[in-house]
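Consider the two complexes below, in which subunit A is the common component and subunit B and subunit C are the respective partners.
Now for the complex of A and B:
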């Protein structure tokens, strides 16, 4: 439906789908960003009919979103961003309906009454106010507000539809669109700035002369260390993160910052963990139960840390927060990559066919799942959270219909 | 906003590459008959590899590697290929342009490239190619191409003669690997380690266990690295000149055998070929059944990631689930509770598998019906195949629509082409190939053209061949067995069957034998192999062949004077002496004697004597001096050691005969003997044989002098 109308957009969607399929988009940040950009395009291209403007937007986003999610089910950030955008649309709609009908939006704060009283206020401000209103109080309110919006959507359109009414309608759908695009802009900003938001908290967590262990490479961790380095001196052990060996690169980057850096093999983690004050790592995704999906080897590091009661801290942006549970069978938790990273094809080529004996199998999974009980703390762009609090974050940033 | 974005993107592209789109030529035909009889009915590039036509692997790789325009050159079954591509999603892929070129009269890669070159000129200037990637439609790879193309272009800007870059990959350095994995012969590459220039391409000489290199290769180089451990990926980055070279040299047929070797040996033009080695990435070509088997396994083992079954890159919409131990199952495949699905398997949509069946290391396509108690191991079963109960299928390839009736057994290496039926309880012997299309006979001149006839899919259904020969396919079976290749000695090398233990032992023994020699080659290539003598070996060969030709003409009745004239002009043309002519002529005579049928050495001697006496007049023309006669003797000795070893016990007899016929003088024999007296012990075999004759000569001489 969307596609037919907009060949340009269709091409952009196809392009991104193919890139996802070919695994050409690396990292959850890049994925999240391109997904949001694409969805913003979808929203801005969508012609909004006068009846049920929000539902048409939701349908459009959903149809594109399901294609993107199917393209690479392992990039959970794609699904997260689609759900975030859907949530934004629902919120906007609720705000506008509330403003139009004159019902006090779901909130008990005093500001909202003022907002309603001023009709000339821009939709953006309204939306912003409403968003804070929606976010603030409790899950109960959040759930309650939605049915009213769905019902209100149909009800308030009176039978006596005149020209002036329809133009008003248009302005309403325009308001909605505008509001949604604006909110998506804010989301984009949030994604782009999450490094700095996280690294601002660095000094609270890293202390003088501490020894910190990490595995593999993480961009947010790099910013985190850079911020901490300004005030503190500390030492970092980097486990190399076989078979991708991103730890080597990370160690170089840290050394360039004049941090005291030591590279160790993954298998030496247990031997060294007793000297470590804290483990800080990045993650690929955070599941709704507080567990994480992270580069392979992480589970072992987490177990070692638990054995020696070393805090295991995970840095993550909210865009990595996924409303799915890891026991959901539709969530594929791993991606098996080429064995060439593990073994040299040239050396192995004679024992792959099983001409003498049975052939050698090579399994090269990309990710580990680390259960929530091994994680001490999440440091996100909205502050530090316990794993048991993750479900709450999920409820705040996603609508339950979209899970 | 969108427009702005598009503008920006356009600009970026222009900045990036100043923009000639990256182009590729894909040859959708391998111009060989290795996949027969299957390729009689369907072009090779459309044969499924783990459920997806091979050409989709190639196109997916090209597209993901950033190639923007692909010219698909179709030859055999051109209609099938083009109609497949027309309906495929490649036509609608963004930033990817697909052009089909059809031709009916090409029989080799060389023809195809020449035809592309001509069209290029004829059609329009906008189509003129820049540097392009030349691949075959059966290439499976995941290597990125940007880097190698950049390297190629950078080299081109410096040196216009660097016309081609070949992609190579290291594999285990043993002849065993080449054969067990890909069914190919060994390959020796000589590469300049500093510049990566390719200096030699070819198979090692089996008999002499050595490699001949031109010593000029070493001039101005720090060294040459010889590789036995490289696999040619058959991916070439070519400059437009390559097409021109093919047009200029209209006898070039194959890419490797003719073109690459032609370039390497051609010193006048000075065109150069370079290599590019890939390490982590995968690249190979499927050019026989063994390679098909191996590459299928590699795909299941995920070496080709991200081009693997569960990442859907073809048109099929079914999602594929991946279980532990590389078990791939498309949605909609039904497996009985009691069936045993082993490791490395792929089951297509709509396939059902009966109870107590065992499937292992196999690919089963879509819509297949596998009965109960069936054993399938190491086999490739394509779409809509029905296999009844209690059938055993081991290391075989079964094409679409085949029916295997209950209790039948397929032994390793069997190929069943489309819609063949195998009768009940019939055992198909090893390596047999069975097709509905009868095997073309040798005399059948239309053999080549059969593949070009457009056999529309249901054509074969129209004329049903029911083989009367129940021995071939069993009771109520249908199909013809093809024998042409089956008698071929090397069959085991190229079939999909695993190589038996015996063959491997045989190879291992051979390999161990060769190992020492290989080391020799590594250590002293220059001194041993690059002497002047070796360098001109080719020329010598040619000269000798031409002399022999002329001699044969004399045998066939051409006048002697003319033959003498011809040989003399050859002598001038090749810058040779009379002695060389005499040697070559003598060789020709011996060959003639060898060619006449004989059973014992005595018989051979008598025919030799006849030949010598008959042609002595001609021969004498070239024996102007004593030196020439010595040369003949030396040549004879050499021949006895090498090609005409049958003569070695007859050496002294033949020399006597030459003396009797006054072709060789006493002095010549004596000086040959004295020359040889100082040689190594090993070289004295023939001298000793002639001892009595020489003694007799000596005595005769003495007698003569006494008489004086």
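Now for the complex of A and C:
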């Protein structure tokens, strides 16, 4: 059965890779969701050998993941999701290893209970785990058990709710697979519902008569405003966001929910920012240093906001959190789109003599990198965070091996 | 000097009040403060003097009493008197700079489009109507008015003036009360007499002081003399008549007093009409020959103080109004230009200004003074109505405002001795010189300066389409500099394409992008050249929207920002943000995206109760983003703008 399914899987992966390459799937939410779905398929179809079941799973996910990441390096959410899944597998395995030696390290209790309650036991478990799987179950155990294990094996605290699902079946590999698939299902739910988690915080941030400026369109922002609109009345300036002009659509959506909305040109952002109380925007990705990759023009908005000391707030789901540090972000973390979005092909043809190639060079970047010092606050599905705290979130949800 | 001291001494009486009054307008304090404190120091030794002064009014009282008898009789001559008044003013303006030329003065005659001017004039007119009885009062109140107004202006401090100015505002009420009482019936008058006389005394005191400024020079002049002088109606005459023993030195003295006052007045950045002030808008509308556009339904609340956009669809309505209205003939040349403004066929500060000057030239050539009218006055009225027409088509640019101001000044200064032909030719030549010197030659100078800033290997960024910047770039290219140009464009006008086209045609290497990508492209840029619609006295650059963003990003990347601007576009006004003063463009321009049909979301936006489109035309770039302003007088930092305003504006006007 598995063997029969393999060609299907292969086709699905190829299909998704092509879609990514052709930019048919775009946007962090869409790509993240498809990636997770695909990886769940990969996991469920993977035949797991009885020895070293986890490593084979990891290898399979990694090989698919690297193809996906290579397909469109700017959809950072794809990479994030691959790493999340890898992290889930590692955690799952550690749980099982721990269970084998009779310890349930962090199963349903929270981390504190674990640290306080069973230090001795976990040390034993660690020793056992090291002998068999060469994996450290958790950071706490590792710290308490002296550095017998290698530093490379450090793993963050597992998420508490992912492993209680393992059923009482005894087959180790089956248990692993089942646990992983369950956890991936949870991850999927998290991605799908992050809007509502973020928008729950809306009332804490938006007050009566607030004037808010935003650029382009963001789905989470729409939910955020909808939630705030239930209790407060405020007005929104929407910059169009050339060259995609999603601001138009966004403004229409906002006006449809009876929010006082004004569309402005991107160039008027500076002119109006002095009357704005808060800038709230969505992001494409959040880097580990707290900077964001956002639709082009955001840097300008952030600079203007800084000039007038207007808070610059970024709404983001945890799936956009990327463990990479940006280096030369405006070039590496960017993508140049078709010039025709900016200047029609042939519009300048009358004045080009064509003797020395093309003297006109039309630049149409898709993203802007906004450095963390221009950002006041992140509002994520796990609450509000400072840009300086982002690295800690990264450490919590990813395994360091996968960075 | 003595006389100055004396005059001030007189004022010192109310010095504490001066402080209070001054407090109300803290902004104005800076300039005068220094001077007044210094004058205070000068006065310090004289401090007993204030004590001496109170007797003066007493002495004056009899004089006032002499006047009061004619007062009841006065209501009769009201109509005849009010007309003669303005002429006097004009005389004053022609011969003596005292009553400095103020466009507002002429506003009385014609429905002035500019409400602020109109307002000022209407005040004057009202005063003329109300207080015909006591010319002295009128004088003083006029003086007060003018001085009060001068308070709003940039302080070109002259001690006497500004101390009077300070004093004045709290005094203004007094004559006003008096005026109201004047026409009242005799029965009450007895009762009122005490009060009136007090007021009179004050008025007298006031004018006395004014007189003393001059009189002190010839210390011999008796205190009793000022009252008769007051009768003479015009400030200027007062100055001259006062001294039967006329001394040339005294005249100079008077001039000293007078010139700065004039400067102050002419520099007046008159308060702009706020379109959310219903009363004033209504007033302006009544005065305007053309009815301003009715309020748009979908206006942005934040910008209700600005004139709302006039869609060119109203063109027909405009036409009807103008063609049917016999009282105000708009000259066809001006009409044509106005329509081109309306349809945005002529855009850009220089182009609009030149077009207007050309049209005015045509108008002057065709002008003949109607019978029984004075050319300078009639012409000013005509210009006013034409300007009002132009501003209906599209709000005036600052460049045009400055050109109009200088032109009106020229008209006001025409000598009566000139024949009409001479006067006309002198006006035409003024218009020609203005266009030549202030715009064309200035641009050439700017290009000369700016080209030195471009070196081989530079990447020059510019935003939108500024004709001066275009000249700079093409000249630099023509003299063989090797550089690349980045043209940043912004919606909805996309005027950068015009620049791109012209530069490409010359064979320059260009990069084109939109304003959002300016941070991306800025990393490779070495210099930023921008144009400006105006540069304000605090160094703020008022320019096409997006300039501020480009300058801000350049500043962030430590790229020098150079603004190319002719000095005739400089303005005394100050501004901190882009909201207080701006121009609203056509909101419908935002609906579609040029060359991309897929964006249809905003079609039918005006059906939505909650959706507004805002198309700003200008923004204000803070001075600290600007590294240098390139003018025809050289390259200056933004802090030097007020210096240029002061130093270089003077000569053509004096």
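Definition applied: the second predicted complex is superposed on the first by the 316 of 403 C-alpha atoms of A that agree within 3 Å, B and C clash if a C-alpha of one lies under 4 Å from a C-alpha of the other, contacts with A are read in each partner's own complex, and residues count from 1 in each chain.
Definition applied: contacts are C-beta pairs under 8 Å (C-beta built on N, C-alpha and C of every residue); 3 or more make two chains touch, one makes a residue touch a chain.
None of these values were measured; they are calculated from a predicted model.
Colleague: On the A-aligned overlay, A:8 touches which partner chain: subunit B = first, subunit C = second, or both, or neither?
Modeller: first
Colleague: Touch test for A:347: subunit B only (first), subunit C only (second), both, or neither?
Modeller: Both partners, subunit B and subunit C.
Colleague: With both complexes superposed on chain A, which partner does A:181 reach: first (subunit B), second (subunit C), both or neither?
Modeller: The answer is neither, since A:181 touches no partner chain.
Colleague: Which of the two partners, first being subunit B and second being subunit C, lies in contact with A:307: first, second, both, or neither?
Modeller: A:307: touches subunit C, not subunit B.
Colleague: State whether A:222 touches subunit B only (first), subunit C only (second), both chains, or neither.
Modeller: Neither subunit B nor subunit C is touched by A:222.
Colleague: So in the superposed three-chain picture, is A:22 touching just subunit B, just subunit C, both, or none of them (first/second/both/neither)?
Modeller: first
Colleague: With the two complexes superposed on chain A, say which partner A:395 touches: subunit B (first), subunit C (second), both, or neither.
Modeller: In the superposition, A:395 touches no partner, neither subunit B nor subunit C.
Colleague: Tell me which touches more residues of subunit A here: subunit C or subunit B.
Modeller: In the superposed model, C touches more residues of subunit A.
Colleague: With both complexes overlaid on chain A, does A:44 touch subunit B (first), subunit C (second), both or neither?
Modeller: first
Colleague: Does subunit B (first) or subunit C (second) touch A:362, or do both, or does neither?
Modeller: Touch partners of A:362: subunit B and subunit C.
Colleague: Counting contacts the way the document defines them, which residues of subunit A are shared by the two interfaces, the one with subunit B and the one with subunit C?
Modeller: On subunit A, the overlap between the subunit B and subunit C contacts is residues 341, 344, 347-348, 350, 352-353, 359, 361-362, 364.
Colleague: For subunit A, which residues are in contact with subunit B within the complex?
Modeller: Against subunit B, the touching part of subunit A is residues 8-9, 11, 14-15, 18, 21-24, 41, 44-45, 70, 336-341, 344-350, 352-356, 359, 361-362, 364.
Colleague: Note which residues of subunit A are touching subunit C in the complex, please.
Modeller: Per the stated touch rule, the residues are 237, 240-243, 245, 248-249, 251-252, 254-256, 258-272, 274-275, 296-297, 299-300, 303-304, 307, 330, 334, 341-344, 347-348, 350-353, 359-365, 368.
Colleague: Could you list, by residue number, the parts of subunit C that touch subunit A in their complex?
Modeller: 300, 302, 490-492, 497, 500-502, 504-505, 507-521, 523, 545-546, 548-549, 552-553, 556, 577-579, 582, 590, 593, 595-596, 599, 601-602, 605, 608-616, 618-620, 622
Colleague: State the interface residues of subunit B toward subunit A in the complex, per the touch definition above.
Modeller: 1-2, 6, 63-64, 93-95, 142, 169-172, 174, 176-177, 180-181, 229, 279-282, 293-294, 297-298, 301-306, 311-313, 319, 322, 325-326, 343, 361, 498-499, 504
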